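Each structure below appears as structure tokens.
Two complexes are shown next, each including subunit A; its partner changes from subunit B in the first to subunit C in the second.
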Partner chain A sequence: MIQKIVTKEELYKLLDSFLQDFEAIGPKELANRGIFYEIIKNAQDLYLGDDFTTEPVKKLFLSPSEWLFKCQYKDSKNSLEEIVLTKTKRIIIGVRPCEARGLELLDKVYNSEYKDESYVNNRNRTVIIGLSCANPDRNCFCTSMGGSNVESRGTDAILFATEGSPERSRGDKDGKFILEIITDKGKEILGSIGRELSEEEKKHWQQDKEKRKDLVKTKIKVPEDLDKIFEDPYWEQVSKSCLSCGICTYLCPTCHCFDLVDEERKRLRCYDGCAFVDFTLQASGENPRPTKKERYRQRVFHKFDYFKKKFGENLCVGCGRCIRYCPVKIDISEIVDKASI
Partner chain B sequence: MENIYLPYLAEIIDIKQETPDVKTFRLKFNDGEIEHSFDYKPGQFVEFSIFGEGEAPFCISNSPTRKSGIECSVKRMGKITQALHELDTGDTVGIRGPYGNGFPIEDLKNKNLLFVAGGIGLAPLRSLINYCLDNRGDFKSITIVNGARTSKDLVYKNEYQAWEKAKDTKLYLTVDCQEENWTCMVGVVPKILEQLKPTCKDSVVIVCGPPIMIKFTVPVLLKIGFCPEAIITTLEMKMKCGLGKCGRCNIGNLYVCKDGPVFTYTQLEALRYEF
Partner chain C sequence: MIIGYQRASDGVLAMPCFVEREEDVDKLIWDVYCVYNLSNYLKDFPGKKIGIIAKPCDVKSIVVLLQENQLRRENVYIIGVECAGVIDEKRLRLGAKDIQESATFGAKCKSCKSSTPSICDRLFEDKEKKGKISEDKDEYESVRKLEAKSALERLKFWEEEFSRCIRCYACRQVCPMCYCPKCVADQTMPAWFSKGANLKGNLSWNLIRAIHLGGRCIDCGECERACPVGIPLGELNKKIEKDIKELFKYEAGANVEQKPLLASFDKDDPGDWIK
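On to the complex of A and B.
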């Protein structure tokens, strides 16, 4: 790993020089809407401040709705036309450590046995430049999910706003970042800027980095064996206020369930989620998850039991989006933490 | 890398009206090479595409030992099955698969086999029954208990004679209520099993039917003396991808599409599956 100190100015200058050859995507503040991942035409449009994007970076790898193929009917003959996947290289900058970890979890589903071609293509054509969180909010609980606000897993390089960073007061031109270069891809892109930290600085930075983890205040404990309380009335209680709106699944960096839908003669892969009543509803009328209790329990168990049994990790990175945006303030961190009672 | 969601094109070469609401479709792949290489086990399923309507999973109902195109029997029920029932021979559909584990044929060898089917539940069993009959030496006695609501709802009627005539094979047909000119058994499947008391010694039972039938059949089988390990069933579930990705067909940490659809009752008990 290379550790450097870079100024915002040189970083932005470098990014601007990439815009011709690469697609650059990063958080951008949209008036009256919030912060969203957008194509960046000018590095000055980037938002590298404390606040988080509404949608996770997942949508740039798994589109909410994506063509898979088209069935052509010509001269009374059917043929299947595959969608040509774009090979354009791209840089996504400003990806939070939790989201980058989320991609590594999605890899276990989409880039393992039976690879999803489009997802894998999106992964391969992307360089990820992370952004450490200098000001996690009370909904964040990444450090309880085996990650942290300063970890680099899943990134090619990662930026840390320096102490007393002007990024806190947006738009200061003299901002500085610590840059950690993790992979060769990251080195290729960012290797040329900044100066390397001295041994003394490295030591100091290491301590500082450890301390930053304490900024994540919410700590939870996942019960060792959720399976024991599968039948508990607890699940009915905690899901009572759920509106089955599904926002938690759409905004989750790791939720990945989908539907295959035909639109005219196109087949699409679309986001779907366990919160919806028709997710498991069969044509016969049978539904293995007929009420909110079964559906919410499925969400918790998929994340904290089933996935862990298969892949050894929780399918949650503690980003807090499902809590932040839930219209009835259902808090998965609290529900999981208290589930052992 | 290939597109895992891309089906093979296939043509409907034959449609047989089994019951008022069940049709069996025979398909031939457009690509001769696929037609030749498409291999499957009894109990596996395919994702069946009607372009413009969508995709739904159906088990392959003919035996791989009698392959002249694959067959799927479809009960008219929802959106896709309605659309399917409107298709004609010569129409083009899409097929992805085969998916799922299929029946554990090795575990059935040298056993007495009891097949218990209700309604369209005979479809996956038909594939296995004919497979067993074509490899008759590998299995001991074969007993088939097949029930339907009415005699009109019995599927694969033209195969019954061959099954009855096969060596060491018995077929019991039953309908829920007495009908005119009906000479076989009357009563729901669990009741018939109680009467027949088939042997559980060196036996494996393969059950498929509506959940309500399985729910009442399993206790009868356990009472007769079948151990949970020797009770095998194949489940229906809403399955979209068939690849263990789309996330809807799981029971506990197992995906019906990938880890199933064939399970032993021991497995289902451990997963707290309720019929």
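On to the complex of A and C.
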């Protein structure tokens, strides 16, 4: 790993020089709307402050809706046409450590035993430049989920604002970043800028980095075995205010359920979520998860039980989006924490 | 059971509270963070007698539910609260730097005409909050601004907004008026518009949602508040509300005795558009 110190100007200048050959995507603030991953035309448009993007980086790998193939009926013949996948190389900058970890978890589903063409293609054509969180908010609980705000797992390089500012949204106030280059891809892209840290600085930085983990204040206990309380009335209690909308699943960096729909002689794969009433509705009219209780319990169990049993890790990275954006403030961290008593 | 508000896990905001046991009554709170329109939960308990804490605006949606026979008056015990406005939770979420700064009221509060619920079984008065809170601002100011644009400009504006829609249907789920047993968006045989989060499907969905609320939306602002990608859905609702007021002199949720707009007609209704 290479550790460097870079100025914002250096970084932006380098990014601007890439814009011709690469697609560059990063967080951009839309006034009164939120922060969104958008194609960046000018590095100055980047938002590298404290607040998170509304939608996680997942959507750039697993599209909210994408065409899988087209059918045609011409001259009394059926034909099937594949959708051509774009090979354009791209850099995504400003990816949070939790989102990058989320991608590694998605890899277990879409890029291991089964290889999803579109997902793998998106993974292969992307360089990920992370951004550590200098001011995690009260909904963040990444350190309880086996990650942290300073972790580099899943990134090719990662930026750290040098001084965590007490004021929110100004994490990059003094215009300098510590840059850690993790992979060869990252070195190729960012190797040329900044100066390397001295041995003394490295030691100091290591300590500072450890300390930054304490900024994540919310700590929860993740239950070892939820199975025991599957039938507990607890699930009915905690799900009562759930509206059965798709915010928590669609904004989750790790939720990956989808629906297949045929439209206009094309097959569409689009997001679907376990909170929806129709998610498990069968053609017979039977619905195995008829009430909020079964549906909310499914979300918790998929994340904190089933996935762990199958893949060895929990399917939650503690980014807090589902809490931040829940229209009725259902807090999964609190619910999981209390479930372990 | 009583539906009210309790403190959320962050210690600041509120969340819905369902009180079924006497000892849970202590959980109930009432302050500026109680933004939710709880009448949305009434449909979860059909036929059951429910007590509900309701702000003046929330009461309007109860009125619409009563008008539309979705609720029996004897099955709902309305605990009205006087209200001088609740926080703009959307702005708070969008990174207002501290809670105080964000404690400015939402758009619906700024044009609110009454701090006292129109109907209720029990009223909690608040002397301090009594009185109009409306800043006497033109409540259709931003609608008029949009109307002044050309059709193409408007299309561009809404296409940009709807292109962000992720089809999470939070706008529908949070709406007390959205109670169709099978929403048009969920139908598959036939599918009326694209299920995908593409512009075509998003445009259809958002316009159908708004139009289906014509004459029924009481501007509680929940859809816009819930929308995670910040689509100004309130503008659409307000535009339809304004048109209906001008054309039919009808205001949703104002009078429980009145027939719902779409269930009534008058020989003097404007009919120029029928050719």
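Some points to look at:
The criterion applied here is as follows: the second predicted complex is superposed on the first by the 330 of 341 C-alpha atoms of A that agree within 3 Å, B and C clash if a C-alpha of one lies under 4 Å from a C-alpha of the other, contacts with A are read in each partner's own complex, and residues count from 1 in each chain.
Here is the rule we go by: a residue touches a chain if its C-beta (ideal position, glycine included) is under 8 Å from a C-beta of that chain, and two chains touch if they have at least 3 such contacts.
A quick note: this is a predicted structure, and the numbers were derived from the prediction, not measured.
After superposition onto subunit A, the modelled positions of subunit B and subunit C are compatible, with room for both. In the superposed model, A:Cys245 lies in contact with subunit C only, and not with subunit B.
Of the two partner chains placed by the overlay, neither subunit B nor subunit C lies in contact with A:Ile193. Of the two partner chains, both subunit B and subunit C are touched by A:Asp259. Of the two partner chains placed around the shared chain by superposition, neither subunit B nor subunit C is touched by A:Ile2.
By the touch criterion stated above, A:Ile229 is placed in contact with neither subunit B nor subunit C. Look at A:Phe36: by the touch rule set out above, it reaches subunit C but stays clear of subunit B.
By the touch criterion defined above, A:Leu60 lies against neither subunit B nor subunit C after alignment on the C-alpha atoms of chain A. When both complexes are overlaid on chain A, the residue A:Thr280 reaches subunit B alone and has no touch with subunit C. Once both complexes are placed on a shared chain A, the shortest Cα to Cα gap between subunit B and subunit C comes to 5 Å.
On subunit A, the surface touched by subunit B in one complex and the surface touched by subunit C in the other have residues 259, 261 in common.
Of all residues in subunit C, those touching subunit A in their complex are 8-10, 13-16, 18, 36, 40-41, 91, 93-95, 97, 164, 166-170, 172-174, 186, 188, 191, 194-198, 222, 225-226, 228-231.
Within the complex formed with subunit B, the subunit A residues making contact are 68-69, 71, 78-80, 82, 109-110, 113-117, 120, 230-231, 256-262, 264-265, 267, 269, 272, 274, 279-284, 286, 288, 298, 301-302, 305-306, 309-310. The touching residues of subunit B, counted against subunit A in their complex, run 1-7, 9, 49, 51-56, 77-81, 92, 94, 210-211, 236-238, 240-241, 243-253, 272.
Residues of subunit A touching subunit C in their complex: 30, 32-34, 36, 51, 54-55, 64-65, 138-139, 167-169, 240-241, 243-247, 250-251, 259, 261, 263, 268, 270-271, 273, 276-278, 323-325, 327-331, 333-334.
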